[in-house]
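Take a look at the structure set out below.
Lettered A, B, C and D in written order, each chain numbered from 1.
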Amino acid sequence: MRQMAILMALFIPLITAISCYLIGRPVLRNWFTALGVLISFGSSLTVAGQILTGQALTAMDGWLYIDALSAYLLVIIALIGLIAALYSINYMQHEVEIGIIVPAQLATYYLFFHLFIFTMILTVMANNLGLLWIGIEATTLTSALLVGFYKQKSSLEAAWKYIILCTVGIAFALLGVILTYYAAGQIESESVRTLEWTFLLANKQQLDPQVLKLAFIFILVGFGTKAGLAPLHHWLPDAHSQAPSPVSAVLSGVLLNCALYGVIRYHLLLSQVIGSQFSSNLLLVFGLVSMGVAVPFIYLQYDLKRLLAYSSVEHMGIIAVGIGLGGKLGLYGASLHFLNHAVAKSLLFFTAGSITQYYGTRQIARIRGAITALPISGVLLFVGSLAITGVPPFNVFVSEFSIVSGGFAQERYVASGLFLLFISLIFAGFMYHVLRMVLGTKPNNLAIGRESCLSVVAMGIPLVLILVLGLYIPSILDNMLSEVLVVLGGVK
Amino acid sequence: MMLMGISFFGIGAVSGLLLGRKSRFNKGLPLIMAGVGSGFFLALALKSLLLGVQVELLLPTGLPFGPFILVIDKLAAFFILLTSLMGLLVSLYSWGYLEGLREKHNLGYVGFLYNLFLLSMFLVITIANGFWFLVVWEVMSVASLLLVLVEHQLKEVRQAGFIYGVMTHFGTAFIIVAFMILFIQAGTFDFSSFRAISQNLDLKVAGMVFLASTIGFSTKAGVIPLHVWLPRAHPAAPSNISALMSGVMVKTAIYGMLRFYFDLLPTGPSWWGISLIFIGIVSALLGVIYTIVQRDIKKLLAYSTVENMGILFTAIGLALFFSAKGLDNWAVFAMVAVFYHALNHAVFKGLLFMGAGSVLHVTHTKDMEKLGGLIHKMPYTSLFMLVGVLAVMALPPLNGFIGEWLLFQALLGLSWNSLGAISYLAGPILITILALTGGLVLASFVRMYGITFLALPRSSEARDAVEVPGTMTSSMGFCAAICILLGIFPVFVVRILSGISLALIGGQKLTSGNLLEQLTMTTGQIYPLVIWASLILFVPVIVIVTRLLGGKTIRRRAETWSCGVSANHSMEYTGTAFAEPLRIIFARVLQPQRQVSTNGSRAPYFSNGLRYREKVVSVVEIYLYRPVMSIFYQTCKYVRWMQTGNLHTYLTYMFITLVLVLLFAR
Amino acid sequence: MNMVLTAVLQVILLLVLAPLVTGVIKKVKAHLQCRMGAGIFQVYYDIGKHMKKEAVIANSASWIYIVSPYLVFSALTTATMLLPVIAEAPLSFTGNIFVLIYLLALGRVMMALAALESGSAFGGMGSSREVSLAALAEPSLILALVALAISAGSTNLSTIMANLALQGIGLLNPAHFLAIAALLIVIIAEVGRIPVDNPDTHLELTMIHEGMLLEYSGKGLALMIWAASIKQLLMLTLFVNLFLPWGMAVAGGWLQVLIALLLYLLKILILSAVLALIESSYAKMRLFKVPGLLATSLVLAFLTILSQLILRGAGK
Amino acid sequence: MNILFSLILINAFLLVGGKRIDYVIWLVAIQGVLLALISTVFGFQTGNNFLYAGAFLVLVVKGLIVPAALFYIVRKIKISREIDLVFRSNILFLIAAGLVLLSYWVVSPEILPSDLAAKIGLPVALSLLLIGLLIMVTRKLALSQLIGLLVMENGLYMAAMTATHGMPLMIELGVFFDLLVAVLIMGLFLFHIDKTFGSINTDKLTSLKG
């Protein structure tokens, strides 16, 4: 049964992808898409439910290993995948209608979309660090094709930068993996098992600390590039702004989480071996730098989707800071922030998608009076940006507050102070742009538009989560988080 | 009971959202709910003030920062009283006022925000947990921000909203820091735990908390130099909201400060009080100086709010100073002044904003140069406005005077208690500055009232003005009545207030009832009732006397003699002209820049038209905010250059990063 | 009993006497300028004449215009009741220096509003200048009085004066003279006399107080003139009782009261002569020079407090 | 053994300075062959049979397929013979030398656990990696960035081989497959870029800023 759920959670997207590619009729394809994401979401929920009992699961004779952290991310991926798929049905249909793409391309779109989801799920489920690496590399390849989907100059450029930078990064990461293997080289075992997370944890005291340190550095730089930690983030705004909006949502909602997940795994391993001091500080520094770097780009931004992309850079930084600070509150905040950021950011990308599609431009300067032109999206864009900038009573505030209090509790005053400063500055920048876009009078040539019902549903789900999680954490999620904390820091 | 009140607001908010733009009840239902909710809270406040019971409510949440706990102690009760009072009156007022917004705006949405705003203010005052305080605090800010943005089609409104949002957010950041420092010490975010450790808190730490909280709350209170948002945002909002923002919302900042200084923190060193007094006195003076030159009535009122906040800060600082020096009964005295003035300001500033709103409602302009002669068209509004104006001028026998008087007496305490030469001199100096402030308030409000309501109308809108509906006038009437009552019977009020202050300051137990008598017997008395009596009684006496001396009075209406030509509004003294002497006297502060250009004239004295433009600049903005902003902007531009768009550069960054990290690690 | 009687009596006395003082000042001025001048009762005649005349009211004027003379008058009367003239004041228990000053302010506000009613430029100019200068005069007045209040340990006028009266000859210290100088300047500004304002002119460039009365006629004008003279006498009384308090009837007894009364009249006479002297020996200042003058008095008042501090230090 | 290492380093240096594109591709092919040789020798030394398979794979993929593919691309999109270096080559040589030193410093033998092959091999591998990155940084043509990437991968393979005597085959295959796909996808994009931009000079790909 458990195995079943796990395998379904993993392979349903793959099957959906292939079937979507093979099916010709658009309507049927849409149904398949919806069905597939729903099933995989359900199965991932069941998997998570089994995790709540406390012990980790393994499947496919140890290739897959699912503890609370992976299950948590798995749920997030499935959730975002679900709403993104729902959103893209109407969105891509509309793209066809306004003649940006030809109907034939839809098939490839859904193929890569579901493949993308599949690779991410593989990443978080992988037990073998090598497999983890492969998964992340695979996400790059599949998503690169989605980034370059429109085949315009800008999108090709973005895709090229994306693939080059991430592949280089991933190459470093591979060196990291190799070094890890090398560090474990002294341990007698059949070599396939050697890179397995469980195995490494089991006999951590035999790992060579110095080499592992080196390995972590390469992993950090490598996966960090993928996670968009500054100053390795430069592919991110391009890719996120050029991809179709649902894909952008998935990219910054969960892909970055997956990459960061890789870093975190190694961070945990290293802290098991040589204590968390070294890697925590590195994460903290990278996180703060990312937050700081995001500020000016958010201020002087001209492109709506790039704005959101930079805010993703900031939020990856926030999570990194949370992990780096450690402590109960810090880790709690970080792990909660995975979810919060994913939800809020996907909502934002959906609204941004509708608005850009409706206005026919991504230029902030050309978008005015969205609240009158496109009421639902306009309001949600405003709400979403309030949420993402950490304004109560929305969910992001909770996690950010938790991280800050963690920082103070650790007496990292400078870090916490910078954290607060950056957040406030970014709030100011966001307000500056969003107020101008949402409010005011709409351009005369635009009628008052309406979103299609599926898109509204896709926006509604994250909206509800944003509002609820801001004021109340349901007990089931609370248990989940406490399990995650056990994995992350051993604090109960 | 509290839950009932909250739920009423909730219903109001939701119903507002559901009814939306179209429904006929989208105005009424939310307002009724808000009114009822405020009523509930009013009852709670009175219950806790008069019967002295402490009300509590606790709601569970899954968050790790402690429960959502509401407590009404004496301090909270006072501010609830103030809020709920204005909540009721403004809800009544809004009934008429919102009609004017019906065709342009979505009243359901406004109603939703209105309920949310009021509720969040009540929660801010009652909440007893740091985290949840911040949550509801920000909800309050956001709700008010959205209300400010209701008329977002106007550019200056959007700008005001932006500045308000940013400023208040930075303020909140500081409040977060304050709570964080306490959290480190206490381990939880509950006020009770803060209270538990407050006495053995290290004074350095306490000082940090003091600084952080002061900066945070000053931003909301809008004292100089953190006031820049206030004169923009308050006028931008619909007038009923301006009344709430200026009358009540700024008071939540005062509440927060009192909560921190006298409840969560130990008795601090004297520099706390001194710094507050300094900020306060500066913003009182500068604030009023800016009121003098405003043409926009609501902007004038907003600046007067800055001034009154300054006075409140001074009083709080005084209380802090006294309690730092161990003079507890004097501290109580100063606290009474704080509470009294807070109450007064809430009432009369609410009244004034409602009046300005009524004028706006019928004439659709806030520019006093386009108004005038309204006293004939809107008798009730102008009567109540007159009361409000006299109250804000702190003239006897209205409530404003009592507060001012208490403050003066308390300030003299600086000299009467031998606290050393500096404070001996400080007392009179502060009193003088306050007196100057008072004089300027007098000038600027004579100008406001005279130009707006008296003489000839200066525009067709003013000429065709009509009286506003009864809901609006009646609520203004209530406010005016409260002003008068607070002016006549201060002793009773002061008893309650000194009770609160005692609960806050504690110290040596003197029975609250005769406290004021104790102090005033020795230091100066006042029986407003008698003054009222003589003021009122003398009028008929004088009438009779004059009648006896001069026989029956004959009055004849005639046109004002204006050198032969028929008098018209272009001959009136304008508001700008009225402010001219003071503008020149305070040129150093206001830095007026004037351009006078005559057109169509050969000789300078025979021009057939004269254009006079004059603008004053805000010194703070030019010398403090502009440079900071520009520096920040430049840095942003510089950093932005990093994203060259060239792949090689990015690879190089990766390269460098890797090398650096390797060096760091090795 | 007789205390109360004298109290009431002194109020009436003050009200009745007020125009006379104006007349006296006018007369002395006339003599100083080698003119015959009108009789000292001229002001009474004027008031009486105006009382009988019909009132012409501008079309734009409203009830404020009609009511304000009465309000101004009653405010001033109330103020006089707070002020010990020759003995304890009837309402001395109700009020202190702040009440007194703010009552005067109330009168001023009503007058300024009424002046704006007519819609003519003169009224506006008058009230604008009035409130602007008053805004600057008020601080000096308060500071001067506070200086005394501090040393008296109370803000009640009667307490202050009693305290001063008891000090007897010890009053003659630098602080006291500084305070005198300060208050003199303020009083000149308050009663609107040269060099601050010129009570005799109707030239729009110079007038302040007169500008506000320009549109008044009939009873209103009469009351306003009367009120003005009352205010003037009030100020002078304040001055003399604060700075030459000797001989005030602290305790009752007809004889004492009589002496006090005579002394009081004498002091007032001298003081009004002094005012006349100042008025005829100075020219009116430019409007924007006045703040400087008031600032001077402010500084003087502050020096008073400083020297009090020093003296207290010496005393200890 | 050491000879092969030094040869591969020299080859890498030539790559760094290499001007004409086809010449560079030849060098890549040679590097692949060298890598294959190393891995056979290594397998001979350690008697690890995986390594022969690895060697074969390398020979086929990196010695034949990839260069062929590159040549195909070059022929398909007629790359002008323009020099795509951003610096003069002698400067590049200096930098490359610096990188080699750096890598010897980073993974200097004394910090590594006792394993001769690794002690010699890892620095070389790391320097190959860095040099590959250097090539990517200092060349304009998108194609030569692909080449740089290939060099990096060779470095990785060497690291894997010397440090760990060949990774687990499963992983190995996965990695190979991934990299192959990566190269193919990049080639795909190269075509599209050439089609839309009329050149594969990456200096044209600078429209996305800020």
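One rule holds in what follows: a contact is a pair of C-beta atoms (placed from the backbone, for glycine too) under 8 Å apart; a residue touches a chain by one contact, two chains touch by 3 or more.
These numbers were taken from a predicted model, which means no experiment stands behind them.
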Farthest CA centroid from chain A: chain C
Most heavily contacting chain pair (counted by C-beta pairs in contact)
B-C
Taking each chain's centre as the mean of its CA atoms, how far is chain B from chain D in angstrom?
70
As a quick test, compute the distance in whole Å between the mean CA positions of chain C and chain D.
100
In whole angstrom, the CA-centroid distance of chain A from chain B equals 44
On a C-alpha centroid basis, what's the spacing between chain A and chain D, in Å?
31
Using the touch definition from the top, which residues of chain A touch two or more other chains?
160-161, 164, 168, 172, 214, 237, 297, 300
Could you check chain B for residues that touch two or more other chains and list them?
640, 643, 647, 651, 654, 662
Kindly provide every pair of chains that touch.
A-B, A-D, B-C, B-D
The residues of chain D that touch chain A in their complex are 106-107, 111-113, 115, 118, 122, 125-126, 129, 132-133, 136, 142, 145, 149, 152-153, 155-156, 159-160, 163-164, 167-171, 174-175, 178, 181-182, 185-186, 189, 192-193, 196-197, 202, 205, 207-208, 210
How about chain A: which of its residues touch chain B in the complex?
160-161, 164-165, 168-169, 172, 213-214, 217-218, 220-221, 225, 231-232, 234-235, 237, 278, 282, 293, 295-297, 299-300, 329, 332, 371, 386, 391-393, 397-398, 401-402, 404-405, 408-409, 411, 416-417, 420-421, 423-424, 427-428, 431-432, 435-436, 439-441, 470-475, 477-478
Interface residues, chain B side, partner chain C - complex
373, 375-376, 386, 390, 393-396, 401, 404-405, 408-409, 412, 415-416, 421, 424-425, 427-429, 431-433, 435-436, 438-440, 442-443, 446-447, 449-451, 454-456, 522-528, 530-531, 534-536, 538-539, 541-543, 546, 549-551, 553-562, 567, 569, 571-573, 577-582, 584-585
Chain B to chain D touching residues, read off their complex:
640, 643-648, 651-652, 654-655, 659, 662, 666
Spell out the part of chain A that touches chain D in their complex, as residue ranges.
128, 130-131, 133-134, 137-138, 140-141, 144-145, 148, 151-154, 156-161, 163-164, 167-168, 171-172, 174-175, 178-179, 181-183, 185-186, 191-192, 194-195, 208, 210-211, 214, 237-238, 241-242, 297, 300-303, 306
